[in-house]
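Heads up, the thing below is written out as structure tokens.
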């Protein structure tokens, strides 16, 4: 389906990442924002609020992030595409309801503008320290789709993508941006509405009395209905059967929860997206995502100029992790460099999928935040010069 | 309005069958528990208030009363502990025509959900909150609740409760609720009437339904079974409509004052929102936000 | 140094409590120098958890005097506030109300175009003294940040109360949850000019409304057993000698200097 | 230092794991417990409510889990040892303050009795699906220690150990138990107080003016202080320098934030505790923790009966993860079999450290029950027979999965 014109501000605009995220949400058809203001994500809400009256979207500022996500889940069941936006501390508070969203299979989008943690950290500085949290932060087993934009344009594009994934698979989707991209002002081109593809909610169309809220289709995704249509369905966060009724024994747990993994794991090939630069002949591959991939592009160019065969793999979807592609590259390349604005998160996944085939160098959070192409260049040089095979992650201080 | 279910004449039909999930019966509540009575009162009120059940969403949290959503044949949500009001707020704001009911227990709404309770009351979100108060956390096995009377026993107050309980009507009124009533589950008709009134009201309405808990509260405190509790209510409840909410404290086995205490008008959240919407639309404030400006 | 910290400084001095006994958990970042001058232990904790954190401090060491300074209009921490009041935990809660009111006393406030108003402007804030009172706080008062003397006197008085005391301080600012340094003086002055002292007014009547002047003053001053009192009484009754009461009985200290 | 006899209930008991953990906490000198009832952890809190007032420990039932954890962090800074108790959903709520506790380098113990998830899941039955959450659940970078006991006796012993580790490394310690162990009733021997080693708090004793709350000792752990000692503490959850003052530049993140992870990573060898059996010449090594390691015993026995050389490695401390040990074993063994009550969590770290040298087989279980030992035995057999190196996790299809999805299974009404 094509996007609803009301929310699409077609044209070329200078926007920062946060504003682009709000525009992306509106273009994707998001009509409800549950929010609690937190630096550095406030501009998303501000933009959304300012545009809401003309688009016909609603919002509510709740008393905390816990209730913000709870309200988003409630709103999603009314048939409105819904999102919330936050930063690290807020994401931590949302963890319980992320689990509820998984269990109720409620489509929604959570935009996380990462800043330095833990605790209160440095609220205005960019970091990528919540990447593992998005995947593992809620209790119990779940799978999530997480996208990492690296520019305001991508904030716009990926937000639309996020809504599409969430509707397609009936899951909460995380946009893992950071304070750097969020504050960055660049030109964002918003295409006409008829050029934006929108995934519509997959509604149940059968008879009212035979509706089963969790009856899965072949992709393990159950079709949904809105409230107020006379289906009078029941959903629960407890382990449940197709009817949504709680049944608490081990067979039902298997029946209920295992498909929650499968609906993402089996669709990995459809979800995973990467962007590659010069990886065909690369000896050193730099794997990055989000803001760091900007500096990586620069470093790769410089490395090539100085004669090192460097290439880059940018993760568009960090979760699910592009396991196969990373393994392929590890086999071809001599070394992999992973720069991250944290002290080692996604690099662990790279190590796991590298199978000891290539040396793995990790470049942790540096002094310069996202702008550390020189450090990356140095890391590439060192990686290309190390000839002996080493096991484990080699950390560059 | 409601379809009459086609059945065999010989089969006995529950009078509330079209509002209850009969395929889930029997329910999990213990004998002598009062939650079932509160549900009966609610379904009766729903019929009495003449509301199309298809437009009603019911949200529950966790706990014994949290299971209500699973037994009522409406669009029903069983959510996380303490957050049904927040979840319901999302529904009401996104879909203003839906009638939202939150049906949960004292521990769920007043302890972990206290913040959402006071904030929803302040915002005056149009919803009916039915708080079944059994003075204890029963689902987890009898822990002290913020409603447990002073000196009453519970498993996490083995030497007697040391914290004074909430006066729920007073808290509801001070945070902005427009309709506040309290009944015990003995007062089934009055409870039904209050629920009917509250359903027809626009704004944040709170009905506290005091219920016996024969399995934990009465057992731990040696107060007899549910019937003894009902007798206690019969002998010790005083009905005082319009009583000042600050006089409604409940002590351990003391007099309980019931009645309708608050019935007032305040603009609801949706009304305020719509007013704001028309203001900004006329003022054209929204154009300001389109600049890519930073603070 | 801003006026709230100033008032705290004066209030502690007037209360005659050794400064080393005082802990201030807050979700508002204080300036390190200000804390040094205050001479207290300061904790900047996650948003909304000042009262819960203070509860732990107090129960861990009952000799401490704990002053949670709750910013953010107590949105996240509302639950801790109502439960702390109910328990009557011995805390002095300073509730910094940075709501930007559109109209006061029938007049429009000078600064309504908040960048991001704490609540979207169409919402109403709590009547905090009423809320606190209804849950059982033993002392409630409200001042604007410009009522320096009155605020300090209130702090001194409340510090010597046993139980949860609550002082609401109107300190409007465009900076939502960042710092209390960002007080918008023009707006604050407007609030100050449009306030009227109504000591001992029923807290029910002190909601801030568009048409009336802001009621400031002390609204509640009562006595109730604190959590620790009830805890000790109940457990002594049940356990007898097996139970050692928690904390020492309240003692009166001499007027102390800044560093106790 | 020896334990204070007041808190030690010396004797032989027949109690469940929850209660044993509660007694362990009191024996370790815990003086403040804030909790909130949540199945299946409530018994531990109840035990403390019952015994606490008799041994000088204070308890409070807070309004929610956010309140509980904030209160215990506060109480720790007032100078006492503290603990809170929860399960899955409560654990999710606590995440913000766990990171905060790590940032403040606050020693406290968090007992998580895991249950079936996600969301409300199966409250009364077991699960091990919060393991990754205990490592990654809060935002930002931090490291902490997680212990997985497998019996009520261990619940007692490792609760004491947890308190000791907390004081030693000034960091939050997670006891990642589960409903099975929590509700398992077994013999628990509580020794005399003078046989229990207790780590005292590393309190600063020098002059007040010189105190720097975050100045590291040689082992990277700073000395602790408490409120009310006139030290004019300035403690913030923001990124801070040695004085505790917030810093504004990103460079401090690498300078000061770094130590939070390094103090655990560099002391790893001293922290990690493993139980290893027959790994020297094993073809297949079963890696497990918590209740799964007890179930695995039977599976290993069955496999050994078939003549397969099986070794076992039990992770007593799951985090920090024994990277080097695992890599070493991967060089020797053909495969790892990892039974855990989730759909793959710790197995990812096993696979990571295997570096492609050994195959990794996951034996999943969704929760609400424990593994069928026959599944573990079959998985071991399958792994032993496989001579090729296989990329990616091998997920063993359990009997449960087959019966639910392939056996024409119908859920009961």
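A, B, C and D are the chain letters, set down in written order, and residue numbers restart from 1 in every chain.
Methods note: a residue touches a chain if its C-beta (ideal position, glycine included) is under 8 Å from a C-beta of that chain, and two chains touch if they have at least 3 such contacts.
Because the structure is a prediction, the values reported are computed rather than measured.
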More contacts between chains, A-D or C-D: A-D
Measure off the straight-line distance from the CA centroid of chain A to the CA centroid of chain B, and report it in whole Å. 37
Length of the line joining the C-alpha centres of chain A and chain D, rounded to whole Å: 28
Using mean C-alpha positions as chain centres, tell me how far chain B is from chain C in Å, no decimals. 31
Residue list for chain D, restricted to those that touch at least two other chains: 53, 63-64, 66, 89, 96, 100, 119-120, 236-238
Got the chain A residues that touch at least 2 other chains? 46, 49, 59, 63-64, 66, 89, 96, 100, 104, 119-120, 236-238
Residue numbers in chain B touching two or more further chains are 23, 78, 80, 111-112, 114-115, 119, 146, 159, 269, 273, 295
May I ask you to sort the chain touch graph into line, ring, star, complete or other? complete
Report the residues of chain D in contact with chain C in the complex, numbered from low to high. 31-32, 34, 53-54, 56, 58, 60, 62-64, 66-68, 70-80, 82, 96-97, 100, 226-238, 243, 245-246
In their shared complex, at which residues does chain C touch chain D? 19-21, 23, 25, 29-30, 32, 35-36, 39-46, 49, 52-61, 63-64, 79-80, 83, 227, 231, 235, 239, 242-244, 246, 259-260
Quick check: in the complex, which residue numbers of chain C touch chain A? 44, 46-48, 75-76, 78, 115-116, 119-120, 123, 176-178
Under the stated contact criterion, what part of chain B meets chain D in this complex? 23, 62, 78, 80-82, 107, 111-112, 114, 137, 139-141, 143-144, 146, 155-159
Chain A - residues contacting chain C, complex: 36-39, 42, 45-46, 49, 59, 61, 63-64, 89, 119-120
